[in-house]
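Each structure below is given as structure tokens.
Below are two complexes that have subunit A in common, paired first with subunit B and then with subunit C.
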Partner chain A sequence: MSGQPNMPLLSVRNAQVSFSTARGPLRAVDGVSFDLHEGRTLGIVGESGSGKSVLVRSLIGLVGESSGAGVGGQVLFEGRDLRSLSPREFRSVLGTEIGIVFQDPMTSLNPVMKIGRQIGEGLRLNRGLDSKAAARRAVELLNEVGIPEPERRAQQYPHEMSGGMRQRVAIAIAIACAPKLLIADEPTTALDVTVQRQILDLLQGEQRQRGMAMILITHDLGVAAGRSDDIMVMYAGRAVETAATREIFRSPRMPYTEALLRSLPRLSDATHTRLSAIPGRPPDLARRSGGCSFAPRCTYRTDHCDAEQPPLTMVGGRGYACFHPRGVEPGGAA
Partner chain B sequence: MSDLLAIRNLVVEYPVGGGRHVHAVSDVTLSVKQGETLGLVGESGSGKSSLARALLQLPPPKAGAVVFDGQDLTQMRGQALRAMRPRLQMIFQDPIASLNPRRKVAEIIAEPLIVSGVSDAAERTRRVRAVMEAVGLDPDLVWNRRPHEFSGGQCQRIAIARALVLEPSLIVCDEPVSALDVSIRAQIVNLLEDMKARFGLTLLFIAHDLAVVKSVSDRVAVMYLGRLCEVADSDSLFATPAHPYTAALMAAIPVPDPDVPLGDTKLKPGDPPSPLDPPSGCRFRTRCPHAQPRCTDEVPPLRQIAPGREVACHFPLTA
Partner chain C sequence: MPWLARQLVRLVVVLFCVTLLTYMIVNILPGDVAIVILGNLATPEDIAGLRADLGLDRPMLVRYFDWLGSALSGDLGRSYRNGEPVVQAIIDRLPVSLQLMVMAQVVALGIAIPVALLSVRRPGGLFDRISASAAFGFLAMPNFMLGIVLIYLFSVSFDLLPATGFTPMSEGLWDNLESMILPSLTLGLIEWTVLMRVLRSDLLTTLKEDFILLARAKGLPPWRVLLQHALRPSSFTLITILGLNIGGLIGGAVIVEQIFALPGVGRLLLGGIFNRDLILVQGTVAFIAVGFVVINFLVDMLYAVLDPRVRHVRFRS
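Up next is the complex of A and B:
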């Protein structure tokens, strides 16, 4: 079932998503490819609107023709092309193999169903447990995700819980059927840092203990640094850099990654240290230019950058979409 | 340096029916010195915005004094209070929502001038142009446009221009960069620093991003569930937090460096309690790993433990 040892669990090739808007077509995701191996965590970072959520939602069918989007590319999960499955087969993969946690747990929790029942539902539908066994397992899962008094909490509704607790419940639901892949889309953005820390510890603990692969979407480079094995940086709907986490932080290739890291305030800096700001702002996706999307803000741009879009180039296990990558001798590796 | 603003024993409560109250700000005493930036941090619901609104008398607090430049705003009414208003301005978290969508940018920035009685239109135009240029907006390009035509970062520039146009002494910035894209935040932080230097401002800077707070603040105050935990100059607060909550907050900051290991959480497991029914004694005691029986019985008062360092804890970490 788990295929050849080196086959990625998830392989995405040239993913495309476009929406038709009043101002014309908007390419929210523009040719993104990546591989994710069993047990690894891929952090997807990028600012608001860079296409992170649309990308992962399109992989699992939450964005598609039915929601008025044009979707292209290939999505292989354990070698099976998810986009060619029948709706029934697809639902079964989603219910058992892939778990999802969103930023706002209220969007995924049913407000009028008791917590315990919501956690057990997937187990009844996909794993064939009877109601009693599912209810027992739900209480165990609540305990596992750190909810005190799990028997009592199982009888409550989502509105009776705090934001942090609801996110724990959402995690319990996502892991109930023991998925191989967990997708977490900004799972802690709505939470306070102390609660964020606890939720990230929980996600990482579950991921390691169960050997799940995880896609962790975040706009916070600090979260990505501490929690992912590899990072994919998105800008304006494209993957502009992918590398092992340490390499991204030590030697960014793409000028956007470099500029973003430099712009962050650091606790080690003295008060009133001037921040190195990136000029301008992200482009309007409905008005794409033919060149590099970062060119209007980039210190290193040349005429070449305006004329042509740099493709994601893979060199020595890492990739960058730039004609003038940092830390690479001109005419060297590329 | 003398205090421009002194808040004494401030209380803000919101009735929520059934005779119950949210204890948003409880007995907070805090001062802001002339020319400094005081950072105010704390998690969601700790009372930062409630404190900010109460000191601007929007609405006035339930109890306590707000002494601004020697005058207690809570004792002032009508015309006298209106006369003080231009000297205290506020910038909000959501820049787009805080601007009137039907007004043109020039009208939005000129409005405080009209309200405060600058009746000469040419004078208003001159001042609006000057302040637009100061915040990096091109007056000829933005004059007749409306807020929805701008990005969040540009809207925050407009909001800063509006706050500056009356040449205030104090600006309260309530999470001014939290809603902005990561690549835009540094621009706005730098702009606020520049404006502070150029116009001799005093800032109260509210944020939950501790790295941003450290970067702009001379001193920092930490709040938890409506009470102050600790006030100290920024360098010593970050180097040696004295209050267990400050230490937990710092331990939770995600550091953008994969070689910095995740340390201990410095917290007992469990969620923050409800401000409707805060714990007795020290409000942090349900999550504090150092809590003792005394912490349940006695509210720890804010007291000085070293020059310029105040802590509200029975057992501070650095004594």
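Up next is the complex of A and C:
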């Protein structure tokens, strides 16, 4: 494939996003770094408000100066620094190489444009298809994402479809130009429990078949469990633990990850899980303390935790941001 | 109730109320058409005789329902003053008024839509602030004053356009348009302001929607995102305002026809009022009321054209 063998498809260094609010600057994303290799899946897990959406949207320029946000850090895609591209070059990378699926298919599709046209639009723009060819391709894509009677459906508007169908359409749009990276931002949160698994299976199937890399955002570790190679846990705008999925499940380092795991039901359908099982609430991002942001909710907290913010420490290919990691220190091992 | 039936009921109710009300108002106006026709020197007997001839001696409600009956069959009576059929008088003047209103809308939308689109590209930016101030200035100006300013600028100072008078289309399209430019500007330059402000604010709301982000993620350039994705879903309040404005537009047209001496329905109406030509006034007002309801009906249809969800609800079998 393209690039050097070991070069990551996407490499993010020290990503920062801050909003200026009435209550002062709000750092929604604070120094997040990660690598994603071709064909791999990264699960980004964290509670609501932990900055998952803002992070990925800032990577692809959907959150930025135009929306009044301050953005920092470096984003390399196939070795190219996305933030130094001209707007035109950037749009072309965005349109051809990266696809995104949003959380709520009720709002992510244009309500006054026919489905077929919404799918074909990117093909016409980025792949130079004429409108006939784009329409034909749109029908094929609808078929591919499992929508029956694709010819008829292509002529419909979003309100004529169920939520699950709409999310399938959104996936068709995302994969239309054969991107190398697919970003799925909580693609099932807004859907009926019964269709959640189907949508996840569809995403995973497309990813495997097309060899795409995928960022799967979820607030449910159970969803990420069987579907991602690596997991990055986010808390209050920071990456607090990153590791291979099986490592995370075998022995979490960070007390927050541990709490997330404990709140997972053992046997049942994991997609039901809510993270509210952890007592307390995430911190106010506009009023950060000097110490560990998880400290108020942490059972292992010490004075050190309040005094200083734990950096993300990399040990043996995995990272954690904690002064008292689980399963490492002799005194703290579980 | 189905949508179409609702519209029809609305038409009937509006017509009944408006015509009855005008009939009453016109009747309590001081002055008498018989005196206007016969002059101040007429004897009381002559006046009474003419009033009887015109049917004015009967009770008001009787005359109203009499009028309503023939109006429903398309006969609005004959002018008390010159015997001309009222329907014919309206038909003769209608094209002028329609042209004025259509051109005024074109001016208003032709300014409002581009200005709104340009100002949301950088909200709070230079263009946005200048256009907001300009809109405020025009909005504060009464249309008779704007009309006079325009006449002064374009006819008196630069002699580019005729100050008053009307050239029918049959005498050349350009001459016709020339005589209508200032009147339509007078109306349109005030109306665009409101349209621009509502469109701008709806565009700003739409631009925060996920489907706009998705359009951007497809790699569409900003102007295509605006035109192809944001404009249509942002135009519903604009259309509502267009409908609500029809009344104001008709009122404005009456004044503007007067300023620019355009032989439209508005001038017909004003002439009728000055002459106490009750039947002419009555017919013209009824006609304008129908026009108002019909235009609103058409505006309402526009929702269905622009929004498939409305189409879905309205025309479900």
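Convention: the second predicted complex is superposed on the first by the 310 of 334 C-alpha atoms of A that agree within 3 Å, B and C clash if a C-alpha of one lies under 4 Å from a C-alpha of the other, contacts with A are read in each partner's own complex, and residues count from 1 in each chain.
Here is the rule we use: a contact is a pair of C-beta atoms (placed from the backbone, for glycine too) under 8 Å apart; a residue touches a chain by one contact, two chains touch by 3 or more.
These numbers come from a predicted model, not from an experiment.
By the touch criterion defined above, A:307 reaches neither subunit B nor subunit C.
When the two structures are aligned on the shared chain, A:195 is found in touch with subunit B, with no touch to subunit C.
Contact with subunit C, but none with subunit B, is seen for A:57 once the two complexes are overlaid on the shared chain. Touch criterion met: A:159 reaches subunit C, while subunit B stays clear of it. Legend: residue contacts after superposition of the two complexes on their common chain; A:315 is shown touching neither subunit B nor subunit C. In the overlay built on the shared chain, the residue A:102 is in contact with subunit C alone; subunit B does not reach it. Once chain A of one complex is fitted onto chain A of the other, the partner contacts of A:282 are limited to subunit B, with no touch recorded for subunit C. Taken in their complex, subunit A has these residues touching subunit C: 57, 60-62, 88, 91-92, 94-96, 98-100, 102, 104, 107-113, 121-122, 125-126, 157, 159-160, 170, 173.
Put simply, subunit B touches subunit A in their complex at residues 43-44, 151, 153-154, 181-187, 189-190, 193, 208, 210-212, 214-218, 234-235, 238, 248-249, 251-260, 262, 265, 267, 269-272, 287. Remark: subunit C residues 209-211, 213-221, 228-229, 232-233, 306-309, 312 touch subunit A in the complex. Subunit A meets subunit B in the complex at residues 47-49, 146, 148, 162, 164-165, 192-198, 200-201, 219-226, 245-246, 249, 259-261, 263-267, 269-279, 281-282, 297.
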